[in-house]
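Below is the structure I would like to discuss, written out as structure tokens.
To keep things simple, chains are lettered A, B, C, D, E, F, G, H, I, J, K, L, M and N as they appear, and every chain counts its residues starting from 1.
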Amino acid sequence: MDNMTIIAVASIVIAGITTGFGTMGPALAEGKAVATALSSLAQQPDASATITRTLFVGLAMVESTAIYCFVISMILIFANPFWNHVIAQAIGK
Amino acid sequence: MDNMTIIAVASIVIAGITTGFGTMGPALAEGKAVATALSSLAQQPDASATITRTLFVGLAMVESTAIYCFVISMILIFANPFWNHVIAQAIGK
Amino acid sequence: MDNMTIIAVASIVIAGITTGFGTMGPALAEGKAVATALSSLAQQPDASATITRTLFVGLAMVESTAIYCFVISMILIFANPFWNHVIAQAIGK
Amino acid sequence: MDNMTIIAVASIVIAGITTGFGTMGPALAEGKAVATALSSLAQQPDASATITRTLFVGLAMVESTAIYCFVISMILIFANPFWNHVIAQAIGK
Amino acid sequence: MDNMTIIAVASIVIAGITTGFGTMGPALAEGKAVATALSSLAQQPDASATITRTLFVGLAMVESTAIYCFVISMILIFANPFWNHVIAQAIGK
Amino acid sequence: MDNMTIIAVASIVIAGITTGFGTMGPALAEGKAVATALSSLAQQPDASATITRTLFVGLAMVESTAIYCFVISMILIFANPFWNHVIAQAIGK
Amino acid sequence: MDNMTIIAVASIVIAGITTGFGTMGPALAEGKAVATALSSLAQQPDASATITRTLFVGLAMVESTAIYCFVISMILIFANPFWNHVIAQAIGK
Amino acid sequence: MDNMTIIAVASIVIAGITTGFGTMGPALAEGKAVATALSSLAQQPDASATITRTLFVGLAMVESTAIYCFVISMILIFANPFWNHVIAQAIGK
Amino acid sequence: MDNMTIIAVASIVIAGITTGFGTMGPALAEGKAVATALSSLAQQPDASATITRTLFVGLAMVESTAIYCFVISMILIFANPFWNHVIAQAIGK
Amino acid sequence: MDNMTIIAVASIVIAGITTGFGTMGPALAEGKAVATALSSLAQQPDASATITRTLFVGLAMVESTAIYCFVISMILIFANPFWNHVIAQAIGK
Amino acid sequence: MDNMTIIAVASIVIAGITTGFGTMGPALAEGKAVATALSSLAQQPDASATITRTLFVGLAMVESTAIYCFVISMILIFANPFWNHVIAQAIGK
Amino acid sequence: MDNMTIIAVASIVIAGITTGFGTMGPALAEGKAVATALSSLAQQPDASATITRTLFVGLAMVESTAIYCFVISMILIFANPFWNHVIAQAIGK
Amino acid sequence: MDNMTIIAVASIVIAGITTGFGTMGPALAEGKAVATALSSLAQQPDASATITRTLFVGLAMVESTAIYCFVISMILIFANPFWNHVIAQAIGK
Amino acid sequence: MDNMTIIAVASIVIAGITTGFGTMGPALAEGKAVATALSSLAQQPDASATITRTLFVGLAMVESTAIYCFVISMILIFANPFWNHVIAQAIGK
């Protein structure tokens, strides 16, 4: 295994794991928030405007943590500074 | 094992794990949201329009995290920049 | 172990694990949704049309995550680009 | 260990694990659905027709995920393309 | 370790694990279903015919997943195509 | 380690693990069923005939999964086809 | 390590693990059954005859799974066919 | 490491683990049974004779599984047939 | 593997793990906070101003821990002092 | 590592683990029993004599499993037959 | 791997793990505290001043443990005495 | 590593683990007992004498299991017979 | 790896782990205490002085365990007697 | 690695782990005790003297187990008999 391969493998593995595991938490959190929103709507239909607005703000906050993970994965696959360095090094050689 | 094989194996393994484990969270979250929607409908049948609409928006948010995982898997199998690099390198050799 | 064997083994292992573990989440989620549907029906038999329709839409959403896993497994067994590459390479040799 | 043996061992191991672990989720989910059906029947005996019908549709959906696992196991034991390839290769040699 | 031994060991190990772990889920699920049936009978003795019938159908569905595991184990011990292949190969040699 | 020893060790290990872990599930499930039966009897002493009968049918179903595990263990210790094969091979040598 | 020692070690290890872990499940199950029996007696002292009888039948069923484990351990220590085989082989040598 | 040492180490390790882990289950089960007995006594002081008697029978059943583990440990330390065999062999040499 | 590669791999792996796992806790915590906010709104619609304000302050506190993780990841990828040191060393050589 | 050292290390390790982990179960069980006793006393102060007596008998039963573990540890440290054997062997040499 | 690299890798790995895992606890704790604050506000809007003040003091205490972790990470990355020692040693050489 | 060092390391490691993990159980158990005592006092302040006395007896029982662990650790650090043996052996040499 | 490096690495790793994991428990405990304080305030606003005082004493006790961990980490990084010893040894050499 | 280094590393590692993990239990237990004290105060403000006194005695008992862990860590870092022995040995050499 030369250095380029090692870095490629590490990037592939971590890109997958970061998104694969890192989206579990947000998914469960969003599921819980949606579920409570639904039972709140059933209990107090008159407050549906406030409940829906608060739900969407909350989902956006939770989604942000899933997006952090996705961003890290995308950086590792398409804008990886370590990969760029070894490519540059290989060309310059 | 030459470099090409190592990258292929890493891509296969991570493609499977990312989708296999990464869809657990969304699946459970959707199950919870659907379950609460059903018990809310039973409790307040008159609010079925609001409940159904909120449920579908919520499911879409949760499904998005499952889709992040599926996208990573698809990129690793069919549009893997590291694999393309070693293929190009092998041809250019 | 030559390269072809390594890729075959990785594909077999991951095909099994992706489906074996990836269907746990959807199965539990569907079980929960069906269970709540049944207790909702017992509580409010008059809303059975709405409950059943929402249940089936929800089950379809949850089933979709199980199908992502099954699709990955099928691609790895029957339409694996890495396997095809090494086969083509072996023939061309 | 020659290549044929490695592929055989991987197929045996994964066939067992996929079915052994992959049926846990569906089994628990079906147990939950049946349990709720029984307590719903006790609570609302008049709705037994609707409850039973919904239960059977739900069990069929859940069972489908168990069947995905069983299908993967059967493919790996009796219709494994990788095994067929190495057998064909061994004969052609 | 020659090839025959490796395949024999893998078959023994997986036959045991598949049944040993794969029957946990069904056992717990059946225990839950039976337990709910008993408390439903205590709550609504008049519906005992419907409850008992639904219980038995449900137990049969759950038992089916345990039987999938047992079938895989039996195939691996007594009708293992990989074992048969190496035996045939050894005789033909 | 010759082949005979490896197969003997694998059989011993798996025979123990299959029964040791595989009986956990049934034991817990039976404990749950018996516990519910007792609290149902306390709640509805008049239905004791039906409750007891359903309990015994249920326990038999659950016990069946424990017996699958015990059967696999007994087959591996006393009627192991792989062991018989290597013994026959050793004598015939 | 000669073959005899390997088989002895495997038998010792598995004999301990099978009983050590395999009795956890039954112990917890019996504890649950006894606990429910006690609270049922407190709730319905008049049904003590039925409750006690059902409890003892249930405990016997649960204890049976613990006894399966103990039997496997005893067979592995005192009536191990694999050990007997290697002893016979060593004497006959 | 000669054979005698290996068997001694295996016996020491398993003797400790069997008792150390195998008594967790019974301890928790007895704790549960005692706890329920106490709350039952507080709820129905008049049934103290029946409750105490049933508690003691139940504790004896649960303790029996702890004693199985202790017996295995004692056999492995003080009456280990495998150890006796290697000692006899060493003397006879 | 030369030193530069080792440090690159360590940075990639830890950048992914820190964000991937470190955002689980905040995501679940935010999900819980949003869910309680929604059920509080349904219970006391008049206090919606105070509830919403407290929710946003709380979400900001929780989000801060997710941001600590993201910051560590960004430092490791784009401002890693150890990487800079080895690069400087390599140039100066 | 000579044989004496190996046996000494195994004895030290197992003595610690047996007591360290084996006392968790009894400790939690006693904590539960004491807690229930306290809430029972608060509920029914008149039955304090019976409750206290039953609690002490129960604690003694649970403590017995902790003592089994402590006894095994003490035997392994101060009365270890395997250690005595190797010491005797070393002197006799 | 020379000494400098080993220390750099250890610092990178531990800096990430300490923050990544160490912020889970505080995040969940803050989520719980915020959630209870919200439901308390809904239950007793008149006490909002006291509740908000106590919440902020509590969040500060919990945040302090997250900050301990972040401080350790920052020390390891930017003020690591072991790294400084080896750098000084390398220059002085 | 000579024998003396191995025994020293094993003693250090086990002394720490035995106390570190072995005190978790008692700590949680005491926390539970104290918590129940406090809620019992709030419910029945008149029985405070009996409750406090029973609490202290119970805490002493639970503390005893923590002390077993601490005693094992102290024996391993300051009165370790295996360490004394190797020291005596080293001096006598 | 020379001795100095090994001790440096061990100190870095353990300093991070001790604080990273050791602050989880206190964080969760403080979260629970704060949460209960808030719901107690909502239930009994008149007792806010006593509740707040008890809360702060309790938080201080819990924080003390987090501080033990932080102190160990600080000692390992900045006042490590083993590191000082090897430095002194290296200079004296 | 010479003997001195091994013992130093083992002492560092175990000192950190013992305090890092050993304080989790006490922290959670104290959190539970404080939480119950607060809700008891809210329920029965008149008994605040007794509740506070019992709480402090209980916290002291629980803290004692955390202190056992801290003491072991301190002994291992600053008064380690094994370390002193090897230092004495090194000087005497």
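One rule holds in what follows: contacts are C-beta pairs under 8 Å (C-beta built on N, C-alpha and C of every residue); 3 or more make two chains touch, one makes a residue touch a chain.
If you want to know which protein each chain is, UniProt gives these names: A, B, C, D, E, F, G, H, I, J, K, L, M, N = ATP synthase subunit c.
Keep in mind that what you see is a predicted model, and the values were worked out from it rather than measured.
S.K.: For subunit A (ATP synthase subunit c) and subunit E (ATP synthase subunit c), what is the smallest step count along a path of chains that touch one another?
M.R.: The fewest touching-chain steps linking subunit A (ATP synthase subunit c) to subunit E (ATP synthase subunit c) number 4.
S.K.: Any idea how many Å lie between the Cα centroids of subunit J (ATP synthase subunit c) and subunit K (ATP synthase subunit c)?
M.R.: About 38 Å separates the centre of subunit J (ATP synthase subunit c) from that of subunit K (ATP synthase subunit c).
S.K.: For subunit J (ATP synthase subunit c) and subunit M (ATP synthase subunit c), let me know how many angstrom lie between their CA-based centres, rounded off.
M.R.: Once rounded, the distance between the two centres reads 30 Å.
S.K.: Between subunit B (ATP synthase subunit c) and subunit I (ATP synthase subunit c), what's the gap in Å when you average each chain's C-alpha atoms?
M.R.: 21
S.K.: Rounded to the nearest whole Å, what is the centre-to-centre distance of subunit B (ATP synthase subunit c) and subunit J (ATP synthase subunit c), using the mean of the C-alpha atoms as each centre?
M.R.: 49
S.K.: I need the residues of subunit B (ATP synthase subunit c) touching at least two other chains; which ones are they?
M.R.: Correct list: 1, 11, 13, 15, 17, 19, 21, 24-26, 28-33, 35-37, 39, 41, 43, 55, 59, 66, 69, 73.
S.K.: Can the chain contact pattern be summarised as a line, a ring, a star, a complete graph, or none of these (other)?
M.R.: Drawn as a graph, the chains make one closed cycle, so a ring.
S.K.: Could you give me the chain order round the ring, subunit B (ATP synthase subunit c) to subunit C (ATP synthase subunit c) and onward?
M.R.: Traced from subunit B (ATP synthase subunit c) through subunit C (ATP synthase subunit c), the chains around the ring are B, C, D, E, F, G, H, J, L, N, M, K, I, A.
S.K.: Which stretch or stretches of subunit J (ATP synthase subunit c) touch subunit L (ATP synthase subunit c) in the complex?
M.R.: So the residues of subunit J (ATP synthase subunit c) in touch with subunit L (ATP synthase subunit c) come to 1-2, 4-5, 8-9, 11-13, 15-17, 19-21, 23-39, 41-43, 45, 48, 52, 55-56, 59, 63, 66, 69-70, 73, 77-78, 83, 87.
S.K.: Residues of subunit K (ATP synthase subunit c) touching subunit M (ATP synthase subunit c) in their complex?
M.R.: These residues of subunit K (ATP synthase subunit c) touch subunit M (ATP synthase subunit c): 1, 3, 6-7, 10-11, 13-15, 17-19, 21-22, 24-26, 28-33, 35-37, 39-41, 43-44, 46-47, 50-51, 54-55, 57-59, 61-62, 64-66, 68-69, 72-73, 75-76, 80-82, 85-86.
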